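Look at the two complexes coming up: chain A is in both, with chain B in one and chain C in the other.
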Partner chain A sequence: MFENVIADLLRVDGVKGVAIVSKDGLLIEGQASDRTIDVESVAAMVATIYGTALNVSNEVFHEEAVDIVTLESPKGKIITVEAGENAVLTVLTDPKVNLGLVRIYLKRNAQKVASML
Partner chain B sequence: MTEAKVVERVNERSEEMATKINNLILYGIYKVLGAGARGLGNSIGEELLNTMIEEYGLNFEGSDDPQELLNRFTEVMINTLGFAEKGEIIVNGNSVTLKLDNPMDLYALQLLEKKGMKPMLYPMANAIAVAIKKFSGKNVLIKEIRVSDKHVEVDMLILG
Partner chain C sequence: MLPGKFLGVVVDFESTRELLTKIKRGYLKASWRDGDSLKTGYVLVSDGAILGALVEDVLSGERIEGNTALQKISEIARSKRVRAVELYEADVTEILRENPSIRVENGVISEEIPGWDLDSLLLLLTTYKGELRVHNGGTSWRLYLDRGVVKAAQTIRGPSLKGNKALKNLLWEIGKVMKDGRFETGGFWEFTAEDEVNNGGVFKEGVELLREKRRVDNAKGF
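And now, the complex of A and B:
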């Protein structure tokens, strides 16, 4: 269903994994180049991180909306955007990925996912 | 009052209290985690479904008809677990609606609504979503949870 979205994002230099996840934590579709990554577990965690970010935004800014959630670790990044009312789109990347480029690809593909759900 | 009646009454009250305390715990989790609690839904649904299969006799063998699978799910949910007074799962094309009368977690959901928070997690619906995925390979999105005085209704959408 989302093969094109996944392929488009995996073409970006430094992107190692892509997942489309329902806000309930269900992996809708995903792929990771590193086979040690359990994409289903990551999906549940990403949904929780995104939801918690929404809650924090609501508490601090009185606005339950988040443009992008970025988790940076020394070994990589996890970047998540909303993809419609019921899902999020997330990528796992190398630490030195071009963040600007990833954001553009993420936003563009999130719109595609949103229109299909 | 006989001793047996006293024991029965104490048991009833303990059960009532346990349900109320569980509801308050659920409410507390929703309140602190807010939308973050929603992300736990699929994992909770998975465990709930496994428990229903392993401990409460939910058996999907011998049927690949989705409506039949959901009927068996409802039977265990209502008759074995006593999760609600009455339950129904309606499938209409790609839409699935779970309707429950007086479910055990109604109090937590009503508390949330009273405080102006929209319920975003419904474990029984998550368990249904996991069951559908397990037996048909199709993903299910939970679209809306509606709470009224005595009922909970959850709308789901089967993808693909």
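And now, the complex of A and C:
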């Protein structure tokens, strides 16, 4: 059902994988252009990272809400946004991806996912 | 990817034709899985007419354009592999000027309408120009329609009939078509003089009457 969202994000230069994940860590739908990426495992880990980020935000800012969670490693980035009440949308990218562009596409497509769930 | 203003997502739609009427000028965008790959199809529409089509492979960037793309999208639509379609408002003329190879000739998305679904058939008849095939058991008819008016008719299975005789035969059997048959759009039939029909408006009138009759029968049931 989310093929349009996945296709939209995979077309962004530097994006290697896309996943729509329930907040409890189940992969709803995903696809990677790089066959070495195990989208299902990434989905479970992304949900954990997002949950931890929410807890941190709650502890530090007294606000249980996060706009965007970015994990940067020398070999790539994982960027995650909320997509409705029960899901997150995440992308795996090359290290030198255009972050501004990815954020725009992520936000836009997260709204689509939220409207469809 | 084509430029345009995002209008919304339609999920679990009944027919592609229903979607085409939702956009005045713009395009439909649908993506589907094809083996390990992902493809996106675009159908450019202006006032109910299909003017262009494009299929892109998301990973390899390979493109299919024009009528071949429309044929592929028709196949995918018929197989019901697409559950969500995005609608965009766009300057179709400008897109076609920049991508002339995606233009289609006599653009029709081939789709099937079950015989009982007279509402969808009548909706189709208001805008449709092209070939409509009618199938019922051992007989099939081929009609050339122009916005509700039958211009030509012939049988393509069963007794060999052309023109008025073919249309009369279809009207005679329309009750059975409604029960067990189906309608199928697509193709572009270049009919000859002997296939031409004199009073082609009678088909749509007949379907409208049958729909009314069914409504009355249903009301009586209560």
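Methods note: the second predicted complex is superposed on the first by the 117 of 117 C-alpha atoms of A that agree within 3 Å, B and C clash if a C-alpha of one lies under 4 Å from a C-alpha of the other, contacts with A are read in each partner's own complex, and residues count from 1 in each chain.
By our rule, a residue touches a chain if its C-beta (ideal position, glycine included) is under 8 Å from a C-beta of that chain, and two chains touch if they have at least 3 such contacts.
Not measured: the values here are computed from a predicted model.
K.L.:
Which partner chains sit in contact with A:Gly25 here, chain B, chain C, both or neither? Use first/second/both/neither.
P.N.:
Only chain B; A:Gly25 stays clear of chain C.
K.L.:
So which one touches more of the residues on chain A, chain B or chain C?
P.N.:
The larger set of chain A residues in touch belongs to B.
K.L.:
Taking the superposition as given, does A:Ile49 touch the first partner, chain B, the second, chain C, both, or neither?
P.N.:
The first partner, chain B, only.
K.L.:
Mind working out whether A:Leu117 is in touch with chain B, chain C, both or neither, as first, second, both or neither?
P.N.:
first
K.L.:
For A:Arg11, is the partner it touches chain B (first), chain C (second), both, or none of the two (neither)?
P.N.:
In the superposed model, A:Arg11 contacts chain C only, not chain B.
K.L.:
Quick one: is A:Glu3 in contact with chain B, with chain C, with both, or with neither? Answer first, second, both or neither.
P.N.:
second
K.L.:
For A:Tyr105, decide between first (touching chain B), second (touching chain C), both and neither.
P.N.:
Once the two structures are laid over each other on A, A:Tyr105 reaches no partner at all.
K.L.:
With both complexes superposed on chain A, which partner does A:Ser33 reach: first (chain B), second (chain C), both or neither?
P.N.:
second
K.L.:
Show which residues of chain A both chain B and chain C reach, each in its own complex.
P.N.:
On chain A, the residues that contact chain B in one structure and chain C in the other are 1.
K.L.:
Over in the complex, which chain C residues touch chain A? Could you list them?
P.N.:
Within the complex, chain C contacts chain A at residues 1, 6, 8-9, 11, 29-33, 38-40, 58-59, 82-86.
K.L.:
So in the complex, the part of chain A that touches chain B is made up of which residues?
P.N.:
1, 22-26, 28, 43-55, 58, 64, 86-87, 117
K.L.:
State the interface residues of chain A toward chain C in the complex, per the touch definition above.
P.N.:
My answer: residues 1-4, 6-8, 10-11, 31, 33, 108, 112, 115-116.
K.L.:
Mind listing the chain B positions that touch chain A in their complex?
P.N.:
Spelled out, the residues of chain B in touch with chain A are 33-43, 45, 120-121, 126, 129, 133, 139-143, 159-160.
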